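These notes concern the structure reproduced below.
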């Protein structure tokens, strides 16, 4: 039975062979880079149409389209990520998490920023002292219900 | 000996009594809300001038100015944060971390986004289906050195 | 500086001395038992009016009203709870969590049940073979955003 | 030797191919959705008759009926679940666990809600501000024995 | 506010000073040694009458009687106990746990031995090759509910 | 090379096919149910004669007899067991461990109950309010050596 | 109430002030260095006579004698010790543990070396290439009981 | 590519089939039992000559000689070992580690016992009250460098 | 699909068979030993030219060149490394980490030493009392941004 | 009883008040910065003479000299350090640890770099693209003993 993990391996193999970028895959799907990449890595589900377009671009078998549309179980195995590029986010959570909470709640009241009704973009900003990674995230504010 | 933790308690007590917001403290310091709040929570150091302004606004004792300018040891005790508002960031790291890495490295080459040469803003975006928390982060791209 | 933990201790002391139940405290606050109890234990914030009513019933000092209205940082120290009454919920999460996810997503699409826009009631149901604890929870369905 | 895990894979494959829902499987078994789904996922045992009906609906081999009736060893590998839909239950345990315990014991005396003599239903409640997931759980109250 | 932990310290101090054994305390309470000892250590609650008798024997203050009757939150801090006398039980759980489960379920059906409707006795058995600790535990069998 | 784990799988397969109980296997071996079951699960070694009898009853290959007599490395992978039937023992260790230690040492002096020179029986006790699992364990008392 | 930890602090303070070595304390007690040191650190109990001698040598108060004779709960807080001198033993356990088990069981049969009926001596062996720490441990072999 | 783990499996298979003991393997290698056994288990490297002798005794293939001489990466997977025979060493580290450190440093100065320039012997000592496992370890004292 | 791990195995196999050292591989690549070795172990990426040279020296297949140039996800599985040669670095981090931080920040201001813009050399220094491993690391100082 | 931790607090207080750097303290002691700083932080012991000089410079009480010369128990509480400046070393251990081991053992044979007979210097190297932290460590090579 073909799994999300199998499909991710197929996508990586096709990317290597065909020299296709995530940006091109996202463009084919007609959605954002972050979302489409996360779906190809098995962390989100695609709707049938973009799934079909991704499969066509990469020559994936028919069943892969179905797999891409199935709802994933989101598993991340390391409590503390080790890859430096991912760890830095974990570190930001640790260093700025409390400040983030203080400010969200000062501006909005008692509640949180949703990680579900959520989107994110990543952009390259050129800078003479070194280019910068710009990340824009937006999540719906969810007030704690009182009852 | 007065510690960063003592000063954070003093700041929280003054905020409660004087009804002063983080936004007002940041304005007094003349710096951004995220940075000043994190410094007041003991996770960053202030330069002497903004430290003095914060202390004046909140009527903190003289030694607190020194403490605010000292370089912190950044400690976060929970490997997995439990407060929902902070946990959602941890979850984003887990769910989107690998996609983030793929895209940063596709756009910039092998390397990471710095969490040190880094800034972040939090903004309230009004929206008819529910207001949104907008977060903009920017970190310098650091290429892995090859030698 | 009076903390949420201090107020919880005051509430427990008053309950012991005055023999007041959580049900009576919730009735005084005019809100549900689960919510008010969790707020008294420092896991949620009360609005000023119910906070004042709780404080009055229990003869808490003025500052306690403020503390009860402040937004908590929700901390739970044990990754695996040890008290049997609480552990059983943890066990239910482990045993039925995957089935819960399958059914929520079959009925609603890819998404989750919110733990923020959420309410819960606990009821005693008499039964000849042994009384039963009935728990009714309701959380808003949040679909994953696709972008 | 066919394992529970093998049978779960067979069931998922049959569901994908035949487009059969958990609700239909439960209806075939003549039992509740939560219980039958958890049994198909290897977390509970079915009696021979419903097992046979499930196998017939999904065209499972004969040995699968035996496997479905065997008593499982309930294993959940993550101390802290990572999938957001399951994590939210873990969070509810952390945030409301102590309040739950206080109220159960105030209403019933020293004891717990059983997770064994236990049932659960999940229901979709339509709501103009967003549909809600309603969960009704009922567990026998078990008083601590004193001897 | 006097806590269970305070009362345990008082009991240990009184035992040291008055040279009273757990067996004598249990006899005064009129209940079994294991149960009364666990209650004195803060892991179970006593009914008012035995609590009063324990307090009288040990000259505990009035409030201690109330504390002994309150329902404890059962906390054990170490995931793996380190004291050799306690660790050996943990080891027995690891070495014989699966065999225990197989045999209980072979004899009774799918279910568990309750740790709530449960009792235990400890006895000294003299033996020429070395005395033996005999432990007799009895827990109600709880069948998994099917629904 | 045939391992203990291979032999356990063979035994489970033979049990399923031949419908043989642990009680029958133990009877064939001429030893207690708990011990023989634990040996079949790879947690203890059998002497050659009972090993041969078990193998004969279940039609195991010749090498399996050797494997059953080899001394196991006792591995249990979960620090905290998750199966409810096994977890309850873990919970008993946590809740009653300290009381157990106090009473053993009050009766015997400073030392422990051996988990090596140890035996255990499990018995079904019928009871009108629900049958009970009775467990009798006996371990040699080992006094701490003073030197 | 004076604890084992209090007495350890008293002993360390007296050692510092009076410049008394562990060897001298052991000589006063009339027992081995390892055992007496471990008892002074709260990890073993002394008999009344050696306890009194230790207390006399170090001018400890009367209650300390009682505390030294009480049976400790042996707690070690770190799963992995960090002090290099102690970590090396942990490392030896990891590197040579399996070989140790193989050889003990080859020489004695299925069983273990007791850590309870156990003694240890530490000796300084002068050597031209650098002095060596010699450790001699002896533990009773305990065969696994078969029943 | 043949790994250390493959060679360990070959050695165990040959031992089972040829009924050869670790003592015989060590004698063939001309080195101590503990060292040779640990090397066969993949935790140390042999020099070419003893490796060849071990391979000859056990009829291992040529590449196994090379593998036995390669330098291992010493991995032990469990932070806390579960096999009772190995756990007891872990326990000794916990219970006597601090006393060991005190005495080594009292006798030698600030430093440690090496676990690298280290040897160990295991011996069976017959005793009327039960045979004893005698372990003699010797490690070079390494003083902390001051600079 | 050929992975980094596959290529590392190929490299180790070729090293064993051809008796080629890491120093020779690094020389072929024309880069430093530490960097090239880490890349061969899957922890860094090579540029196409050195990758091709490494592949040629070791007779690796064409796809291996591509794999060596791909950007790795840096995974290290053990929170605490167990191999003694690697553990000692972990220990140095624990023992000297705080002193390192104090001195870096005293010399440079609030910030860190980069582990990305970083290089390291390892050298053998002969010494009459025993040869020494000399490690020279250099990382760019990164000041914390204030904004 | 004055502890190492007390003395570290005294030193930090004196540094803050007198504006004395670690470099000045090391110069007073006549030893290297890394070693003296680590000793002041409680991770190493000083000889009496440098301890007295440090105490004089900082006006520490007499007992502090004794405390500084006592042999510490080196404790580091976090398995994974959280401060970014210290974490980067942990990361280097994870990313380059295996390469470090390969190269040390290729150059020296099977063994390790000592963390005890060890020294380290930290230096500021000015660089037009950003100053660099240079760290030079040297540890004695310790060959594994074969016996």
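When the chains are written out, they are named A, B, C, D, E, F, G, H, I and J in that same order, and each has its own residue count from 1.
Everything that follows uses one rule, which is that a contact is a pair of C-beta atoms (placed from the backbone, for glycine too) under 8 Å apart; a residue touches a chain by one contact, two chains touch by 3 or more.
By chain, UniProt protein names: A, B, C, D, E, F, G, H, I, J = Cyanate hydratase.
All values derive from a computational prediction rather than experimental measurement.
Trainee: Mind listing the chains that sit against subunit A (Cyanate hydratase) and also against subunit G (Cyanate hydratase)?
Mentor: Touches both subunit A (Cyanate hydratase) and subunit G (Cyanate hydratase): I, J.
Trainee: Measuring centre to centre, with centres taken as mean CA positions, what chain is farthest from subunit C (Cyanate hydratase)?
Mentor: H
Trainee: On a CA-centroid basis, which chain has its centre farthest from subunit I (Cyanate hydratase)'s?
Mentor: Between subunit I (Cyanate hydratase) and every other chain, the largest centroid distance is to E.
Trainee: Using Cα averages as centroids, what's the distance between subunit E (Cyanate hydratase) and subunit G (Cyanate hydratase) in whole Å?
Mentor: Taking the mean C-alpha position of each chain, the two centres sit 29 Å apart.
Trainee: Using the average of all C-alpha atoms in each chain as its centre, how far is it in Å between subunit B (Cyanate hydratase) and subunit G (Cyanate hydratase)?
Mentor: 48
Trainee: Would you mind pulling out the distance in Å between where the CA atoms of subunit C (Cyanate hydratase) average out and where those of subunit F (Cyanate hydratase) do?
Mentor: Spacing between the chain centres: roughly 41 Å.
Trainee: For subunit J (Cyanate hydratase), write out the residues touching at least two other chains, lowest number first.
Mentor: In subunit J (Cyanate hydratase), 44, 73-74, 76, 79-80, 82-84, 91, 94-95, 98, 101, 105, 111-112, 114-118, 142 touch at least two other chains.
Trainee: Output every touching chain pair, sorted by label.
Mentor: Pairs satisfying the touch definition: A-B, A-C, A-D, A-I, A-J, B-C, B-D, B-I, B-J, C-D, C-E, C-F, D-E, D-F, E-F, E-G, E-H, F-G, F-H, G-H, G-I, G-J, H-I, H-J, I-J.
Trainee: Which residues of subunit F (Cyanate hydratase) touch subunit E (Cyanate hydratase) once you look at their complex with the stated criterion?
Mentor: Interface residues on the subunit F (Cyanate hydratase) side: 21-23, 33-34, 37-38, 41, 43-44, 74, 76, 79-81, 83-86, 88-108, 111-115, 117-118, 120, 122, 124-125, 127, 129-142.
Trainee: Under the stated contact criterion, what part of subunit D (Cyanate hydratase) meets subunit E (Cyanate hydratase) in this complex?
Mentor: So the residues of subunit D (Cyanate hydratase) touching subunit E (Cyanate hydratase) come out as 31-32, 35, 44-47, 71, 73, 98, 101, 105, 109-112, 114, 116-119, 142-147.
Trainee: Considering only the defined contacts, which subunit F (Cyanate hydratase) positions touch subunit H (Cyanate hydratase) in the complex?
Mentor: 1, 66, 70, 73-76, 79, 115-116
Trainee: Can you check the complex and tell me which residues of subunit C (Cyanate hydratase) touch subunit F (Cyanate hydratase)?
Mentor: Going by the criterion above, the answer is residues 80, 82, 84, 87, 91, 94-95.
Trainee: Which positions of subunit A (Cyanate hydratase) touch subunit I (Cyanate hydratase) when the two form their complex?
Mentor: Subunit A (Cyanate hydratase) reaches subunit I (Cyanate hydratase) through residues 9, 12-13, 16, 78, 80, 82-84.
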